[in-house]
Structure formats: C-alpha cells, structure tokens
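For reference, chains read A, B, C and D in written order, and residue numbers begin at 1 within each chain.
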C-alpha cells in the first residue's frame, strides 16, 4: 500500500510505500503498517496523532504466494522488511506450515516485534550488525543453520536488495525455492511511472525490466538478476544490445494480449 | 507581525502578515492576533490546536502614532482590519482620549469583537454590506455623523485600500488628520523583497514607492496617493517620467544618510 | 447548473478538457482500476518508439520541492504492441487515445506515423520533440532547434491520416518557445502541447552523487506550473487560433482554470497521477465546480481570458 | 570538529560559502536586525542602475508551489546613493559586499563599473545579465544572446579595478547555458553566478487575470533548485576551474552541500530570506553540521564531488 505524506499543501508530492503488517476487523476494519523513521515523509507520519486521517491506496502488487501443502517455511526479514512477514506467517500457520523466523537489523532498537515473532514461529533467530540483540552479523550468517535445523522446504524473504541476493544464494545452495519481496523506490505504486523497475528473467528466458510495484514486489528469487539491479542488462528486452527478431516481437505481443 | 504557514515541508513558502491584536503578560507572555480564513494559509492556521508551535516574526513596521494630548479619536476598521484597532483604543484610553468605533464588514459573521468594541469605546457603530448587523452600507456612510456627534479631533483607519481612500476623503472634508494602516500583499514583512510598495508623498513633496511593511503599514492618509496605488505614478522618484536633477539626487542621498 | 465542458483540438472533439499527460498514465489500464477512463477527455499514451525499449537504469526518479525529477528513458513495448494490445483495449472501454510518438529522427517519426495511420480510432498524434536528436553531437533535443523540430512535425503530418490532428509537444527549456511554436505551426501542426519536463538534476546528499542515474533528469510537477503557464500565455498571445494542451503541474481544478485562462483548450495531468491515481476525475470535478461557482456556462469561454482586460469571464 | 569553511571566488576570499542573492537582502541593514552580517560570506546587493528607479507596479509577487513569482522591476536608489550610503555602512559592520550591476547596454554597464571602481572595499562585481536588452526588439535579456552577454562582461571587466573579480550572473532559461558560460569566461569573467529567476507566470483564479502586474514574472525558490543545480553541474563539468556561486532555492544546509557537490564554490540564499529572515546563518550552521556529520574537514573538498565516481568525499 502507499501513503500520501505531508498533507494537502505539502511540497513532498510522492506517496511512500509500506507493507501491510496486519488487517483486523476491529473498529470497523483496521489496516496496520509498521514503519521506521527514515526521512521527511516517515518523520511526518510519526507525528500523526490518533484519529488523524491518512490518504492510503492499497493493497497494491502481488502478495507472497502460499504453498498448497503444509511445508516448512523459513521467513527472513531485514530491518523494516520484517513487517510483511508477520501476516504471511499467520497465513502459513493456518495452512499447517511450520514457520521459522530469521530477522536482522542494524541494532536492537530496529528489531521489529521480536515477541510476536517468537509467539508465531517455531523458532526465531535474530541478528544485529552491532550485536546489540541476537547474533552479531547478517541474516545469512545464521540462515543456513536454521534451514538445516528446521528442515525447511521454502524460503520467504523481504528486505534490502543485497540481503535478498544473499538469501537467494543460500536458498539456492540448499536447493530451496525462494520468494523475495523487493523494496525498490516507488513513485506511484500503481504501475504508471516506471520508476521501480528491476531486471527479471521470464519463464521464456527473456529478461524484462519489470515494475516491482505491480509485477512484484514479490518475485521468485532465482528470477531476479540481482547483479544487474541498477543497470539495464544488455540482453534485456528493448536494451541497446537486445536483438529482438520480428518473430520474437510478435510472440511478445501475443503473450501480452493473452 | 508575520507568521509562517504550512509547516516545515510546506509548499507555501511565504509568511502571512497579521496585525497584533493584543499583548498580554499571561502564561509568560501572549501575543494575540485575529484572523479570517481567506485562503490556504489562513485555513492551515485555523487547523492549529492549542500548544502547537507557530513561527512568528514581529513586531514589524511602524505602529499608529499616539497624540500627545487627550483628544477625541474615531477608529475605523474594515473586516479583519479591525484587529489592530483594539490595542490602539486601549492605548488611547490610557492617555485620556475619547474613543469611538466605526466597524464595517461584509456580513454579521465577519464583524470582529463587537462586544469588546462597545466596552472600550464611548460609542461603536457597525455597518455590514448586507445589513445583517448594524447599518446596511459602508463605514463612510456613517463616519461623517460619528465625527460630528463625537466632535472627533483625529481619525485612525485600518482595512482595504478603497475603504482607506474613502475614510481619508471624509476626514479631509472635516479637516481632520487621519492615520491609515494599509494591507498590501507582503512577501517578507521585513523590507527586503520590495513587493509591498505604494506611492507616498514625502515631506519634501516627492513621491516615492515606499515599502508598506517597514515604512508603514501606518501612513498619514493625506500622503498616500490612493488613486495611484497599483501603478507607478509618472512623477515618482525613479519612474520613467521622473526628471531628477543631480542636485535633487544629491539631496536624496544626503537625506538618506541622515 | 453544470457547465458545457466540451472542447476541441483541431478536428478532435473531447467531452471535457482533462486528459492524461504522456508517460504519466501507463496504458490507461492501470488507472482504470480507479475510475472509468471514458469519463476523462482522453488518455495520452507514453511516447512510443518503433522497437521495444528497456529505458534507463535505476534510480530513475528523485523527489524535489513540489516536483520530481525522472529519467525513465521512455521504456515501452514499441508501437506494434501498443497498436495490437493497448489501443483496442482503450477503445473498447470508450476511451479516446492521443498517441505520443518518439523517434530518433524524422524518418523514424514518419514510419511511426504511418503505422499509427493504419490503426482505427486514434484521436490525435502527439509528437514528442523532447527526444535527444542523435544527429546533434551534444545530444540536444529536437525542440532545441526550431528547424529540426519543424522537419519532424512536417514528416509526421505528411504520413498521418489527414483526419487525425497532429500536436507538437514543446519543451519550456528551449531558446525561444514562441519561435519554436511558430515553426511547428508553419510545419502544419494542428495544435501544441506545452510543456514537457525541464532538464535538471539533484544530488543525493547522503552519497553526494547525482540522485538519478545518469545525472540529468526531467523536472515535472507543480513546481514547474508557472513556467508552463508562462509558455502557454506567450504562445497563445501570438497564435490565438492554435489549440493548446496545457501541461505542467496540474493538481487541482483551479489549475485547469489557470491554464485555460492563459490560453489552453485542454489540460493534461501528469506527475500528480502518481500522487493520486484518481487525480484526473477529481480535477475534472473540481474544475466543473469552479466554473459553476463563477457562473461560467461554457468551459471554452475561459480560454485566453487572462489576455482580455476586465474580469475575463 | 568544525570544518574549514573558507572559500574563494577568484581573488575574493570569503570566510564561508553562504552569501545573499542579489535583490533578496535589501541593503543588508534589514537583515542585520536578525543576525550579524559579518558572519556570512558576503552580502550581494540588489542590482544597481545608474539612476534611481521606481520599479514595476503592484501586485509584484505571487506565491507558487514551493516558489514565488516576482516582478519588482529592479526598484532601487541608483548606484551613487548605494556607494555613499549603503556600502560604507556594510563595511563598517565588517561585511563583505558583492555589488550587482544592471545596465541598459554595454555603455551603461561600463559606467557603472567605473563608478564602483572609485569606491574602496568592494569585494566583487556581479553582472546581472537578466536585464532586458533595449536594443532587442522583442525585449529579450542580454543572457539570451551569448555574444551580447559577452560584450557586457568584457566592458565591465575592462572598467573594473583589476583586483576586483567580475562574476557573470547567468539565467537558466537561455538557449544553452554552457555556451553562455563559455562566452562569459572567454570575455574574462572571473566567475559565474547561477541562476537568476526563470520567466513564468501565474493567473489569479479569482479574477482570471495575471497574478503579477504586467503578466510575466521571475520564478524563484526551492521549486527551481533542480534547474539551478543542473546548470551548475553542466557548466562545472566543462569549466571545472571557474568558480561558481550557486543560487536557486537554497533552503537548508544540505542544499548548500547539493550545490557544492554539483560544482559551486559558494551558494547564495535568495527567496528563502523572505520566509525566514535569519535563513543565512541557519543555513550556514546546518551546513557546518552536515560537514561534521560526514567527517569532511574542508568545505572546498566537496566542490564538484558529484562529478567524481565513488562516494565523493
């Protein structure tokens, strides 16, 4: 979902994207999101008082896909990226999945809802960069051990791009499928501004610059070309180096129509 | 004084000027101003709650000059222009002056502090454009009568330019001195932006485009070239038609140094 | 009372003057989640090129005071996919399409216009003159050179169906916008869209590097509205008969009034769609209310009012 | 830790890079009520002409999103009154003066420079090239024509004292700011100030008439910062040795960082003084804090950082 910040006469025009943390039926319906103060927009949000109105658009984008069978899932979150893992954990639990958490942050005060994590999950491991809470280090330092101990079947991850890349690598080395939710800067959140694109390989093997707000933010980790994020890979559809034959283009067009 | 509106990240950059209504020693010092919601800035102000912080610069400009002797003064206000007349009335009363009010507004709900006016002043006459309070019409429709009945010796006025022009004319026809406080649009309020100029005749007979924020907002009514407000009179200092001799310029320079 | 909102851009008749700006409304489908796109005047497509295009690397945008910088590099599917996939969808929903074209030279622009002319139902063609001209060594835009711009417009006009109006989209950061407008009109543009984004940059003060990959980006949003209104005003003064789509920072219904008073016959909403996906219909509603509040019975009466002494309407 | 803030504009040495922008700080006296003007780098005067000048009729300003439009018509007392009255006052308070000049042709600019040269204590001369050129039938500015601009700069340089640097003040809305900068440098400008206000307009939607008397005004304030930073970046890229005063929407200390990273050696605060009369000292304090937070020991190390790969500083 995305939230307008700064009020009607604000000089900050763009919405701020946040993950839905929880949806409850209380008080005629409540949507919860967790956020860390980072810059002017989140500082403004933090100043809001109860009963103030927020201008919200959502839900946006594709949610985490749920497994058909009750498998073992490890959920990996970095910083505020932990937020969407909690409702995911609940849904997985309802399907009978085992859930284990690995949550990382820069320091203890940035760890999101450690207690809730412990309550929902079978196990919850924490890492902080400065060692002020849990293990000192990064989530991937403990992820391999958790996967082995929990006999995980699938990995879900949300957080900054370098973390997602590392998690995808660890999952790959254990032969596990991984779903990652990316946090690319987003101006509109609804697919019209083209600011949130990342290179993703399609089922057809063609790399496309896809909008993470509508085609994501959840992708299969193996499909994201992490090394090329922030670039246009030369072989991406429509890149200067891309040699699309008319046939390929016709196929593209047919695919999109379907 | 001038007030910043819209908060830190507001897209409305400029301050809004207001007259000081009252200054009290309560709560460690209170400055009061009265305002009408007109556009976005005043709408924002109206939404403030008690204990919110306001960014204020003031007092600014020249206040109404007070007479040395206890004379009879009539105070004429239009719309929110009534605000500064109340502290003026108090000061005049403290000097033993008789005070009479003539307050005009578009309609009853725009009349400022009728009760206070009646309490402070010997008499208080009200006019509204629609007749919903007091006499239907403009302040000048009743001003002449008030001047005669109160045997006024001096006139003070604050409000929109056309009203000030009319009040100055009425005062002139009764041979009374008149002090007017103008409400020109002001960007800075401290004399640096040159947006608030009006043509005023100096003691030396030369018309200058003077800044109403620092050289005013109070002027002697007779000195303001009301008919030329919104223009540059051809004979104003530095106007295309102005033929300043070197001697006149030298005098100007000497005057300003003094 | 409800004012008559109809407006015309050459032979194109629109039910009301609020359209989307090129590149700020996707294919129309995304916004259709938020409102019925038949309700607004028209949808302007992003600028289409002959081939699919991957655009520029991220970060592609940065927020600026009351505006944003963007550099998407015109990522898009290419003209053929648009004509086969997006246009029929738009028409099936009752929408009107203004098709924006971007070529790397007059020849490519001509080919684009030819392909568009084979399709049915295109309301107008908009020629994006703020594309880098590959023939110019310093990478300037077609719009930076009135003669180059006119050559492009002329080619598009001669390849397009005669019943489809051709609008030249001008930039504000050009040597002389009135001269540029004149050159495009002489090259038989049926109307003008003003203005595109202005070249600017911002520095990320955490890294001290340009905030948008590649350095320069295009500035848009309410911040540029006075520049856009100024261009419309100056061009309408000299060419009062040429229809103009005003664009640049439209946020509210009174902004539509401002552009129309300056001389625009229609107004395109761009960046503000990103902040408020239902902006177009909100702006249209506010505009209607603003006309009603002023007792104006026909929107077209407002066009150019700021040029007329008195109270305009 | 407190960073070394000193900076240089040609032969002019300033204790810190924060100066006032021309026409946005009165004579210095008005702001002296709010802070000690010796504390800031320098005070730039409003543009002075030979004769006193009454300026343009009211309304002279209009608020715009994150900016304002103004048209004061360079009201001022004339050069002689300035030299006799304001300059001595400024120097007596320990201030440094950058004197901005506006003439109606190269001849008048030369005479202005000559008179300034008779005075003691002038830190630098700034040549306002955004004055209408009376020789141009369409009333364009000197800055719109690089050759005209260069002629003015050359005349001022030859009439000014050789130990007083001459800065050419450029506009953003010119055909090609890099070309203009090059012409001024070739005409021996010692530095450049970028940018002046951009021509724009707004319509008062109550009256449907232009909000500023005369129609067009100059757009300033944070809204234009990306355009100003873009000009500084592009010019510094080509002329890295030429000192630049960056100006356009500076509001905070990180804005100073942004301009300096783009290539400015000093930064002028303009419109924001109107909103906050102590803006200059606040900006200076914030800038110092920003350097400290980044562990930068010399402000001059930041100059041009955005052009260097890596993290800049």
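One rule holds for everything that comes next: a residue touches a chain if its C-beta (ideal position, glycine included) is under 8 Å from a C-beta of that chain, and two chains touch if they have at least 3 such contacts.
Keep in mind that what you see is a predicted model, and the values were worked out from it rather than measured.
> Spelling it out: a chain qualifies if it touches chain B and also touches chain C; which chains qualify?
Intersection of chain B and chain C contact lists gives A, D.
> Work out the mean Cα position per chain and let me know which chain is farthest from chain B.
A
> Measuring centre to centre with CA averages, how many angstrom lie between chain A and chain C?
Centres of chain A and chain C (C-alpha means) sit 34 Å apart.
> Measure off the straight-line distance from the CA centroid of chain A to the CA centroid of chain B, and report it in whole Å.
A distance of 59 Å separates the two centres.
> In angstrom, rounded to a whole number, how far apart do the mean CA points of chain C and chain D lie?
Centres of chain C and chain D (C-alpha means) sit 33 Å apart.
> Residues of chain A that contact two or more other chains, please.
11-12
> Note the residues in chain C that touch 2 or more other chains, in rising order.
In chain C, 65-67, 221-222 touch at least two other chains.
> Should the pattern of chain-chain touching be classed as line, ring, star, complete or other?
complete
> For a test of understanding, state which residues of chain B touch chain C in their complex under the given definition.
Checking each residue of chain B against chain C gives 11.
> Going by the contact rule at the top, pick out the chain C residues touching chain D in the complex.
64-67, 69, 144, 172-176, 198-203, 205, 207-210, 215-217, 219, 221-227, 229-230, 233-234, 249, 251, 254, 257-258, 261-262, 290, 302, 305-306, 311-313
> Show me the residue ranges of chain B that touch chain A in the complex, using the header's touch definition.
Residues of chain B touching chain A: 6-12, 40, 44.
> Help me check something: in the complex, which residues belonging to chain A touch chain C?
It comes out as residues 4, 11-15, 55, 57, 184-185, 187-188, 190-198, 208-209, 214, 229-232, 236-239, 242, 244, 249, 252-253, 256-257.
> Once bound in the complex, which stretches of chain C touch chain B?
Touching chain B: residues 65-66, 222 of chain C.
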